[in-house]
Every structure is written in structure tokens, then in C-alpha cells.
Amino acid sequence: MSAAVGLNLAVAGLIQGLLIALAGLAVSLCFAVARFPNAATGDFMTFAAYAGVAAQAWTGSLLAGAASAVLLTAGLAVASYVLVFRNFRGRSLVAPLIASIGLAFLLRSVLTFFVGFDQHSFHVPIARAIVFAGARVRPIDLWLAGTSAVTLLAVLAVLFLTPIGRRMRAVADNPELARASGIRARTVMLTLWTLIGACSAVGGVMLGLQTVVVPEMGWNLLLPAFAAAVLGGVGNPTGAVLAGIALGLVQALSTPLVGFTYQTAISFILLIATLVLRPQGLLGRAEPVR
Amino acid sequence: MQGYLTAVGTVGGIYALLALGLNLQYGFTGLINFGVVAFYAVGAYTSALLALRGVPFVLDFAAAAVLAALFAWPLGVMCLRLRDDYLAIVTLAFAEILRTVIVSEEWLTNGTRGIPGIPRPFSGLGAAAGGFAYLALVLAAMLAGVSLTVRLVGSPFGRLIQAIRDDEDAVRSVGKSPARCKLVVFMIGAGLTGLAGALYAHYLTYISPDQFVPLLTFYVWIAVIMGGAGRVGGAIAGAALLTLFLEGSRFLRDVLPFVSEVQMASLRLAAIGLMLILFTLYRPQGLLGRVAR
Amino acid sequence: MPVRKWMLTRRVLGQAGAATALAAVVGRPARADRPYRIGALNPITGAGSTYGSGMQKTILFALEEVKRAGGVDGRPIEVYAEDTQTSPDAAVLAARKLIDANKVDAIIGTWSSSVSLAVLPITNEANCLLLHTSSAPALSTPAQNPKHLAWRFQAASHQIGDAYAAIAAHEKASRAAAMAFNNDVQIASVGFFRSAWEKAGGKLPNPVVYEPNRTSYAAELQQALSEKPDFLVVSGYVPDTSIILREAYEAGNTAKIVIPGWAMGPATVKALGAEVLEGLIVVDAVPDAGSAAFKTFDAAYRAATGNPGSSNIYAAMCYDMVAVLTLAMQKAGPSADNAAIAQVIPEVANPPGQAVSSFAEGRKLLQAGQKINYEGASGPIDFDERGDVTPVFGVSVFHDGKLEQRYLLK
């Protein structure tokens, strides 16, 4: 594998990895604080892509489209919490997981009921790639990479550098103690779901910009997102981000060895191997079993 | 109409068998297995490939169950010391890896083309009688699964695995090995799942990799949770309820004539999603479960 | 949504309710008194969902058109619609429901090969017709289609493969390469391309098989272009093809690229733009020049969906299914069973006969005792002895953002 080929694969892998990281972060945040894997994450992303396409068609601006998508999806996520997930506090993860599957179906079907099954696309200006040390990088890829990196860092910054983030982490670590110390669950959860919605939205728009907007687009990304969340260490958002990027890179760079069909399988094999050798995930702490 | 009802009953019975397997693993032992469809696929392909080489049906079904259980063994050994949530994702990943293998190893599985022309028991009896006979076969398998579950759960071993579900450390403290018990249950559950896969393959007479997707695992989970995890009858009740949701929603159009045919598909999925949410919110213990969980 | 569609539904439902109840009590009455029931079984959800709703709507408006023209003499028609979910097991239950609960006589519009392969044993057993758009060769073998109840309205994979090879020869390709979406249809088509090309003395490296739902195919494209071909077949669907075309352009590709017609949609034409598409070769099964059937279909399709008819070749095939079936029913007479109807399908669709492009035209001529030859919206619709259409492929090239037809492959 020549250096140029390798570099090209790495660039593609990094972009894919950032996408998985966004979705994985959304899953991990929910896992950490609300204690269940949210299977509706994918359909939040799908919703965001559709919203973005519609907003871009209406306003003519991609930026406005993306911003509207983020706002609307954050609202959707908060609504999901208020209407559905709020009621599962304190129960095992299976019940809210099943409810989130139901929510995923509901979201997708409401979308297709009104919008149908046609494929839609964002309007992206086509430009020749910039050649950089033998690697081809599209201008749009730079924007996508930049935006996702900024989003990831912003969410992590909220989590680690702000008071509300501190409270969120307290709830994640020990809900009873957090409640006993007077941390108001409601503000924390509303902020949490806003972040989850925003993260999913950026991921959805990113996915929509790279591919075509179809009803099942987000659902297809659910598995890698779950994998990233667990690989990074359950309840560890930073780990999820790093794991997502790692999964993307591994998938891309393994293709010369294992071929295109096995590249996804490789990342899952890696996941299993890592967990067997290091059960707490990449960055998780060795916790006692709950 | 009875042909359709027989078909629905057959598919419902297969789901019941799947739910029995998962109920044993999750309901009674607390194992969060999200790779149900993997063992299903192993059973289906094993039985199909053997049958096409002339092996008699009884042996095909047996081989399907045994091979599925064997596939569960290394996975169990690796993962059963992991946290519950981890097992979920690992089994999910395993299912996808298996599907990739099925798609890629064409020499064995015919890849994306699938395997048509799988021989079907009772096909000589004609359409209606053959359908009834197959339904009877599936129900017999289901009853065998129920009987196995009841015997197992009522035995000392059964009490042990339920104790593991409720408090693993306590069990360890009295000197028993939870990992070994979990492994056994995992394998038995996988065997039931593999049998269901074989019954499915011979019923459809055609299998292809795109039928073995994670959605099927989710459906089986829905059946177990809705029926009541940890209750033997729960698996049957849940499978019946799931089938009712999935097939009953087909007839929604008769009560909603103003909706176009194309929109019906969306409405069906919406109805199923809404039911799931309402069920988990308002009847979390499932149809037959006790409220204490 | 046009209002008339739900009125059809209501009427059908009224009859359906009564008929089902009656049928359940009495059992199926004699053929001549009973309406002919058609099951529209299409991929509304799942991988085929881009085409499925259009296909189903087309079946419905085509049947409306038949009704407006006076219908089939002595045979009222009812239609029931279901979703295959592009999944064989969902399709099997849907087919069972259509056949057993709704008592349909024909199932039309199954799309994916795995769905058709799963449904075929059921329709054969029930002596129902199956009109489908799937390419798997196994669907028309004597073993799988012994009673000639299954009719294929789409080119079979070997025909598509031969078309690719013919285009390669026409374009004087010296080094060819191929990429295929990882499913049976595309892999088979590219496989047949390879054997046809190699039989003509050409050489083709192993086709690059790529996975669905990825955001980039740069690596796959890199491998396909590694031997510096001057001719590249990309056999896939809209989402992946649009990514590949874009990435090929960005990589500065100079090889001629050929794609099948179904892999190009109006949204992607707009998204990719004239520069990326310049020189792209598109091969499609086409009707003979100036097809009136296509024009009628196109106008109705636009009214029903807002999209041009050219965006959904499978819907055009469904339009032809309705026309062919109803014309065959008309010719076979009011008391004909499916075996008799199947027997006359080639008689109304194949030459010799006066060319007709709609049910209305054909009905008039059939009533006058004349021979007809239906020329459809998706092709000339001439069946071979196995029940497969012999498509005529049209080759078009993108120039200045517009698709221009250049030549036909015969």
C-alpha cells in the first residue's frame, strides 16, 4: 500500500470516523446519564437530514438549513424525553431501549407518511479536490471534518467545563447521591437531551451531505454508534468519540487487507477483541458490575 | 382465509420458539443477548444446506439446534464475564459479523443470491393439508420448547440461574460458578433459536442474507418484554401479541379508508412503534409478568 | 393526493368486505361471476422504497385508466395493495394474505429478486399469476416456472450483462473494469458482462463489489481504476452511484463510465450537475422510439407523484403489467382461468399484430377480432418462451446536463 493510497484511505476513514463519533457521542451521553442505549438516535439523525434539506430548499442557504436542523432536532430530542423517556427513571435498560425502538419506528413512519420515500439531496457545490501530499481532500470534507470536530469538542466542553456539565456527570456517576445533594434532575436532563439532539443533528446533516437522504439512513448507522459507545467505555463520552474515530479509521485502513465487504466486520471483531481483553472499554474505569 | 391464518400461526409459532430461547437467556438468567438473529441464521443455513444434500429432515433440525448451540459456546466463554450491557453489544456485533460471512462466503452459502428450493416437510400433502401439517410441526416444536423450559426452570439448576439473575455475587459467594451456568443457558437458548431457524428455512423454502437483520432480534425482544420476561407463558403470549401487532396492522386500512395505500405502510409502522412505547410505559411487566420487577 | 384514488379504494373496500365475507361462507364461486382480483405487492418500505410507492400508485392509476376505457368485458377488476418491505418473509405473509384472505388471482409488481423467489412457490401453488420486475435467472427456469404463471417485465441479468458488453464494444473499449453493488442482481449482471466481454476476446479484472450505505467509495473506486481502464461499468443504485460518480470526477477519472438507468434519479442529476455528468453513458431498457404508452404513463405518473416517469422505470413496467394483463383477460374471455390468460399473454404482447399502446386501443381492436401487439412504456414488451421480456436497450449520454439518446442495442 503506497503512502498516497494509505493517506487517501485515512482521510476517508477519518471523515467516516467523525460521523460515527457524533452518533456514538449521542448514544454515550444517553447511556451515561439516562442509563440506556437510545435506539432512536439514528432516526433523530434522519429527521435532522430531512429538516436540513427542507430548510435549505426554503431558505436557499446550506448554513441556515443545518442550523434549523440542529434546532429542530434538539427540540425533538427534548420532546422525546418529556413525553417518553422521563418515565423510565430507575428501571432496567431494557424497557427504555424497547421504547426507543418504538420511537424510532414512529419517527420514521411519521416522516414517510408526510414526505414519502423519495430520495432527496442537499445542494452541495461540486469542486475539484485539493491534493495534499498525494491525498485528495474535498473542500466540503474539510468543512464537515471541521464542523464535527467543533461539535464534539463543544459538547465535551459543556460536559467537563461548565457547571451544568458537572451536574450531568454527577447524575451519571451516582444518581441517588446527586439527587440527595440537591441537583435538580430536570435542568440536567433537558440540557442532556438538547445536547443529544444537537449531536445527532450534526451527524444527520453530515451524513445527508455525503450521501442521499432516505428514510433508513440513520438506522443504518445505529450499530457503529452503539459499538463506539461501548468500545469507548460505557458511560464515557470522550471514549465514545475516540472509539468512533478509531472505528472509522480501522474500517478504511483494513480494506486493502480484508476487502470491502469485511471492513465493517473487522471493526466489530476489533470491538469484541478489545472488550474481551479490556472489559471496561478503551477509557472506561474498571467498575464493579451493577 | 384459513391459508393465511395457518401461515400467520406458523410464523407466530416460530416467533414463540425464538422468544422461548431468549426468555430462557434473559428472562430467567438475565443475559442480554442481542445476537438472536445470528443463531437463527446458523440454524436456517445449516438445515437448508444439509437438506439440499439429501439429509433427512429430523437430522437437519437436530443439526441446526446443535450447531447453533456450538456457535454460542465460544461467544459465551469470551463474553459471559462481561457486564450485561456489554454482552448486548458484543452479541449484536457478532450477528453482523456472521451476516457478513454469510454474504461473502459464496462457496458455502450462495452469498446474496440466497438458497432457493429448500425441501419442505409435508409438501406432498397438497397446499391446505401441507400447511396445517407444518403448523402442527411448529406448534409441536414450540410445546417441546415450553416443556424444556418448564423442566429446566423448576429444577435446582433453574433455581440457580434465577438466583444468578437476581444477585450474581451472592451465588458466587456460596461457591457456585455463575459463568458456567450462564454458558449452559446461553447454549440451550441458542439451540432453541437454531431450531426455529431451521423451521423457518423449510417453511419459506428460500433464504437469503437480507432476511437475517438486527430488526428480527429487536422483534424477539419485543415479544419477550411484552409477554413478560421470566414467565414461561410470557414468551408465548408475547409472540402472539407481536404477531397480532405485525399482521393485524395490515387490516388497519379497512378502518381508515381515507389513507392511501402507500401511506398505509407508514401508518402500520407508526402503529407498531406507538404500541411499543405505550406498552413499555403502561404495562412494563408485560402481559403475564408480576409488577414487582 | 388525487381524490379519485381513495374513491377507488372505498369502492374496492366495500366490495372487498362483502366479497370476503361471502367467500368465507360460500367458498370461491365460479369464475365467470367473480371479479378478477389483482394484488399490488410492492416494496413500499425497505431497500426498494424509492421505487415501490411509485410502482403501487402506477398500478392503481393504470387500473383506473382501464376502468375509464370500459374495463375488461364481463370481468370487473378489484385491486388490493400490500407492502413487501423488500423482505422475503414479510412478502410471504403479505402474499399469503392477498391470496388467502383477499382471494387475488394475480400478484403484480414484486421488485427484489429475493422477494419474487420467495413469493413464486406460493403463487404457483395457488395458480396465481406473478408479474414481476426481478432479474434473477432462477425465476424463469422450467423448474421454477413450470406452469408459465410468472412473467418477467425487466431485463434478466444476463441480458443486462450482454448489454454492457455490447456498449463496451461499441465504445471501442480496450481495458474494461467493473464495480457492482453487493446484491444478487448487480453481481450477476456484472458477472455476465465479464463472461460476454471475455468471450469477445476482452479482459476484465475481478469486479469490485461494494457495500451499501457507505459515505465514500473512494477506496473501491481506486481499486477499480487501478489498472487504468478506459471503460468502467458501475452497476448499483442511486445513492451509491451518485457518490461514486462524484468521487470519480474529483479523482480526475478519464475512463468512460456506464451506469444502468435505474441508478440515476432527478435529484442526483441536479445535485451532481452538468460538469460531473458530462460524457456519462446510461443504458436503459427503452420503448421503441416515440412510445405513446410512455407518454401516457409519464403524464399520469407526474400527476400522481410529482416526479417524471423516467425516474422510475419499474413503475413504467408496472404500467405495462396492467395493460398486458387486462388485454390478455380481454382476449381470453370472461370465463378464462389463469392458465388460459397466461397462454394469451404472448398473443397480445408479441408481434405479429397491430401495434397498440394502451388498453383502450387494444380493447377496441380485440373486440373487432383483430390481432394486437402491445408496445409498452418500459419497452416493446415481447416475451420469449420462458416468459421474459426481450428488452431493447437504449444507450444515452449526458451532454450539457441533458441525457441524449445515441443508439439502440438490438
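Things worth noting here:
Every chain is named by a letter (A, B and C) in the order it is written, and numbering of its residues begins at 1.
In this section, a contact is a pair of C-beta atoms (placed from the backbone, for glycine too) under 8 Å apart; a residue touches a chain by one contact, two chains touch by 3 or more.
A quick note: this is a predicted structure, and the numbers were derived from the prediction, not measured.
Taking each chain's centre as the mean of its C-alpha atoms, the one that lies farthest from the centre of chain B is C. By number of C-beta pairs in contact, A-B leads when A-C and A-B are compared. One inter-chain figure worth recording: chain A and chain C are separated by 37 Å, centre to centre, where each centre is the mean of the chain's CA atoms.
Chain geometry summary: the mean Cα position of chain A and that of chain B are 29 Å apart.
Annotation for chain C: residues 44-45, 52-53, 182 touch two or more other chains. Under the contact definition stated at the top, the residues of chain A that touch 2 or more other chains are 112, 116, 261, 264. Shared interface positions of chain B, i.e. residues touching 2 or more other chains, are given as 103, 262, 265-266, 268-269. Touching chain A in their complex are the following residues of chain C: 44-46, 49-50, 52-53, 182, 208-211, 213-216, 218-220, 222, 238-239, 242-243, 246, 249-252, 265, 267-268, 270-273, 275-276, 307. Listing the residues of chain A that touch chain C in their complex gives 5, 8-9, 12, 15-16, 19, 112, 116-124, 126, 128-129, 136, 138, 207, 210-212, 214-217, 220-221, 252, 255-256, 260-261, 263-264. For chain A in complex with chain B, the residues that touch the partner chain are 31, 37, 39, 84, 87-88, 91, 93-96, 98-99, 101-110, 112-113, 116, 223, 226-227, 229-230, 234, 259, 261-262, 264-265, 268-269, 271-272, 275-276, 279, 287, 289-290. Put simply, chain C touches chain B in their complex at residues 1, 5-6, 9-10, 13, 17, 20, 24, 40, 44-45, 47, 52-53, 56-57, 60, 81-83, 85-89, 92-94, 96-97, 99-101, 114, 117-118, 121, 125-126, 136, 138, 143-144, 182-184, 187-188.
Residues of chain B touching chain A in their complex: 26, 32, 78-79, 81-86, 88-90, 92-94, 96-97, 100-101, 103-104, 168, 214, 218, 221-222, 225, 229, 262-263, 265-270, 272-277, 280-281, 284.
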